[in-house]
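Questions regarding the structure given below will be posed in turn.
By written order: A, B, C and D. Residues from 1 in each chain.
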């Protein structure tokens, strides 16, 4: 028997490989699907079925590529939508994987046609349930994808799914959702890395409601909707099949030539970026790519990379999972090559929290841009006098940021502030200062924070 | 947060790495402990504590080596025994790992001083419990290690541990035992690779008892006791610290010279061994090493290896986990080198199940040695007319095997039969025939099997 | 600067990566070309040019695939042939790779349009020369590919190439040929793994001639011509572009179903094969695949694999280099799965050299088939009374092997004998015995060998 | 047969593995010697002999550790010195490695007892020669280690070695030295990555002399002598045997506590360091560690690391090769962890070459510190008005740097300038500015450079 959770960092996406005898199945595979084939084959398993819990919005499903590689059958939930490949799952449908039985349970709410998949162990007992985006550890799936008009109705469906279908499976049943903490598919997934029906019944805040109405009012909320979601939804209906080659190393000269029509992304740390970067480039630190690339990078223009090393493998993988196949190349030799070629490099000012305190002390509160999310503000407190625009809204609201005075940018650590600063700088702002260490650092030096 | 189960194949041993913030702990580490350090460090965690659920009998604990590498503190259960290193855990003792709290729960039964460790999640809720050899998926720990006189008393303690301490934790709590299916530390661990209190409460056959007495009569049984257990118990009290280097490649000439005083183990497949092997060598196929080496290999004589390839890395790792540091070398170039050097090689006859049927058909039932375990006999049926000696008892009972007629050897697949055949052959038996495919193969060709 | 030789085992094919500054070139790339891209890119080099020394006959060139991956330009030698891709090199043409200069030197002989490529170091001095199949360590390229009528003329061209173009480069120049010891592209490449013009001038036996005529008579010889060469020549003109996925693991049932129309190749050791194999399968041990698959395996029928493990990765790579894309699957679980499924397995008898001596002693010399090459016979001696058919000729000459008596098969070690035995058995021969250890083993036991 | 050159980056150290049959030898092994064992063993070779060309000064020899691992014999050159392990080589001594013969050739000059090792191929012909630090590609070994008084005599010996012993081996013989370009063991090793006697005879500038006197005057020069050389010389006589564990990840709090008595090394890029670093830390970028650590880091105080990632593996390996076993830990989470903990971080100013031109333009030439080597100044030109102190002399000559005005620091690229800046800053200098891109960048923007 084999059971593995494959975690895709940044997206906090969980997919699963489960097998018995010589047969295996994969639930919600990601784009770079070699991992399933290798883990299965080298252990003597053949992937026979690919199950989707719903049409994912936040990443490219690897079902089509995996089906071709493994000779497997694709089973779509959300069969009401016009998939160009695979087959549609029916409520109650069952499959054998060796001695295991997998059963499809209709689980609408996050999407109208979501499915959960219940695993019965070799003795026929309910064992595990793949809940997709219906039920997470500490949270439930968002219900706003059909529009806010529909959200209450979807929330009602989700209530029925959870209380009518999932919880009755029994407290001991293991819950395997499609996302962990950090995903944008729910507002507040917890850090209980593995969970059960019983733990969720007792401790999931969204389930501590007295009736469906309370549940609806608690969950029918509008959450952020990154622009790339639309593109993912489309790709996932079409059965995307593109291969991702490593991008070409570009000489400084080639890089300059191509830079004209391209978007440049610099994946180094915020401090390295601050000290020297290619003018006009956007800062998104490596592990921030899965979460933020989809807000800022286009699908229809070449993307150029600047990295810490000459191996752009991981950036490319992260971007491919979001459907980006337009990565044209990377700066061979990195910023050092750029500098020794005598090219102009740009900087963005930073201050430590101590220096920032001195600034406040000496000059009073500057214009302060807090780019954290609303939920962070709720959880960890607001900054006195700060202007709040969530990083993901910056593109639309940048006019609210003044150009005629220094703008100090703030987040939890400084990483996202540099994304914001690089974006604003590219758009013409000049006097930008990133506060290193962010709120977390600031707190520790007894600077004023209003709870 | 980090949580990983590290599985040691063959031994079916599970150890765990859990961390939060920058602190981590390891439960029941194995001998080759680099894996914990690397997984922890490269994710930014420092291993602060090493928890043992009990003094393990079936493998060398890596606590001492890991403590030195990681700068961690060792916490022993079974503090009644004279450990030469580490500290003793007290019932109810608590530790912080980031925001997690680990709490020691006294869990006697398998050993007198066994401990379980309960993890409270960041909100203080019972989340996971490391049950060691107290509670497994589908089984409970064996209670015969203190001797059969003590077994009923130990079983009674185990009943109290399970019904009084573990089950009350709640159905939703995740159970993390020290072993999975295939371990010798219980008679019948199930294949539910992950489990919960609720699943065990409902489906664990040993827990479906009406009272403590029924539990005792169900569990107070003598199970097999491999000879190497005594050595492991001793090593684990002393805090073993030996390093395992890859053994030297030996030329055929060197191999022959050293063979005199050594035990030769051939880890190739049963069919390769049958066709050609170094005279006097013992067959234990590679993945059978963890389970069977401890029955047959000495600690006080050099061990020589014959492998399929020139890389003995995995054999050495498997043997090191059992405390073997006496691996002197391996035959460079394998059997091919042996053969082209013109050395005599030996063979052991094999028959397919079809050929075996013909034998029975033409000559009547031969003397048939079934070396499967008693539990296999119960589960999958006996062979008419077969003489039964479990492989692990062969060393003591070989006199029961006749030397004056052909002996057909049988197991589930043929792998263990070759171990038995090679052992008997070394001890002087000559007319030995291994049935390839074993009972599983035989069943499929409609040969007579009595249920 | 970067310079690496990439060796493809079995084919004894050498390709080269050379770079300076940020530019690199590859000479004679193999099919699985990721290795060049990764080695180059991760060191900050971009592959700009791909140079072919000639249209290779013995493996699939990776030029087309590499050019696409790396954005490189392909430069063909043998421009007289109708390539469907790339550009043709001219004698004397030069390219810059950083501060290095690469210069094309016309080197006909092995093929009419062969090219060598001379590297000038940063100071403009002759440094290394990529000689393709013109000059090897200890040998020169074969000249029979244009037919034996043309061979003397080609040999004459090769004489001029070597004595007129290559040797004058100077004794200190490093020679980088396309093949090492074991290749079929010359009769007798030596084991001087790295060589120079000076070493070849002094020690290469083919160069110790008094004039062109002696050279021609020494080299204008017909060598073996594996049937797959024609296919390679065609593929290499067309610019092959197929991707190789890992084949599917097949259940025993699926394997049986597909076996009907397929060719089964068993890559385990000769002894494992002898003891149990799928009836009708062909034995080619893993590292014998590059050298022998091309003689025995078809391109137009599915190929099924039986391996030692469930990871067929290396077999597939070896076969892909020979242009095989028709690998349908592999037997999941290997022969053990086959046996426990109760399927009939076949055997081939083996004898040790000692047993073989006894046979001779007791029954006189049996019918003995020596399947070594003519050159091996010359070098290491003939066997008294043996009938000689080189393994590569067996397909055409099998009628010369008797069916009515035991046939003992002989090679240097026993590996190739098992290939021959499996081939003959599939064709209907029944009484076949492989001599383990072969001639090498036999010699050591004082059995009669005639020099 | 096996032949591999193992290159240790940064030190530009070459060691070699050569084998035939099943026997192998290693020449001048490095400290982390697993690589030889694995490459040899997995190819079926046993390392029988370890040959040292001389007592190396610039890295820890791995002979003792390798001998223990591989069961090999150590052969020391420089037998006049009191080695505490191994055996001493005699001029003319020979060893068999399979069919190869290795012959010791006395080669004094770099050290009094240096040896070269000549490989005779299976036919007895001179094939390759391991020249240690006697003869490199494009240069010869330095002769100043016995003191400048002795240098002319040593140079005379080296002349005899090269002209009397090595060159007569023949132009075609392949030369395998102990170092490549970038080593400190000669002034000017060339980039001919592989070379031959013939190429050196023709193109090595040091060999283009009319007699011994000219050679002596050309080579008997004092070169830099890093302080760690003394320690290496001592270690290599003693047979160092220390194991290197990965250092512990330290929380910010632990790091701060330990920082008091430690030396902090930051291996991130120069730009990342400039923008934010732990106050008092020394900047040595990762690949600069092998070359510069030995000048700046003590052996007797704990070393703390700050890295780009949480994996300090490579830094530790680099430092171990220089004999550093005092690496106490690394900052877990890197500078981000430092910043979010609210700790003060420091900065060092940088300017681009364009900004630097503006500075000159507006304010005239500032105080400019050029920390390149004398040989770089010769090769690539001096900067008008720059004050020259080679980086390696900075420790002793820092008083020459003014504290009362801005100091602009210059090297070829900016990397070493940051080492200098961090060193000066720690010593109390405050107004330091690193010119990014260095001279290479400056040249491309038409700033004044005097040849």
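Brief remarks on what is shown
In this text, contacts are C-beta pairs under 8 Å (C-beta built on N, C-alpha and C of every residue); 3 or more make two chains touch, one makes a residue touch a chain.
Keep in mind that what you see is a predicted model, and the values were worked out from it rather than measured.
Counting hops only between chains that touch, chain B reaches chain D in a minimum of 1. Common neighbours of chain A and chain D, listed by label, are B, C.
Using mean Cα coordinates as chain centres, the one most removed from chain C is A. Each of A-B and B-C has its own count of C-beta contacts, and the greater count is at B-C. Per-chain CA centroids place chain A at a distance of 41 Å from chain B.
Each chain gets one centre point, the mean of its Cα atoms, and the points for chain A and chain C are 49 Å apart. Chain B and chain C have centres, each the mean of its CA atoms, that are 44 Å apart.
Within chain D, not a single residue touches two or more of the remaining chains. Put simply, chain B touches chain A in their complex at residues 1, 3, 121-123, 125, 127-128, 170-174, 181, 191-203.
Contacts from chain B toward chain C in the complex involve residues 268-272, 274-276, 308, 334-336, 339-345, 350, 352-354, 412-415, 436-438, 440-445. By the touch rule above, chain B contacts chain D in their complex via residues 22, 37-38, 40-46, 69-71, 245-246, 248-251, 309-311, 332-333, 337.
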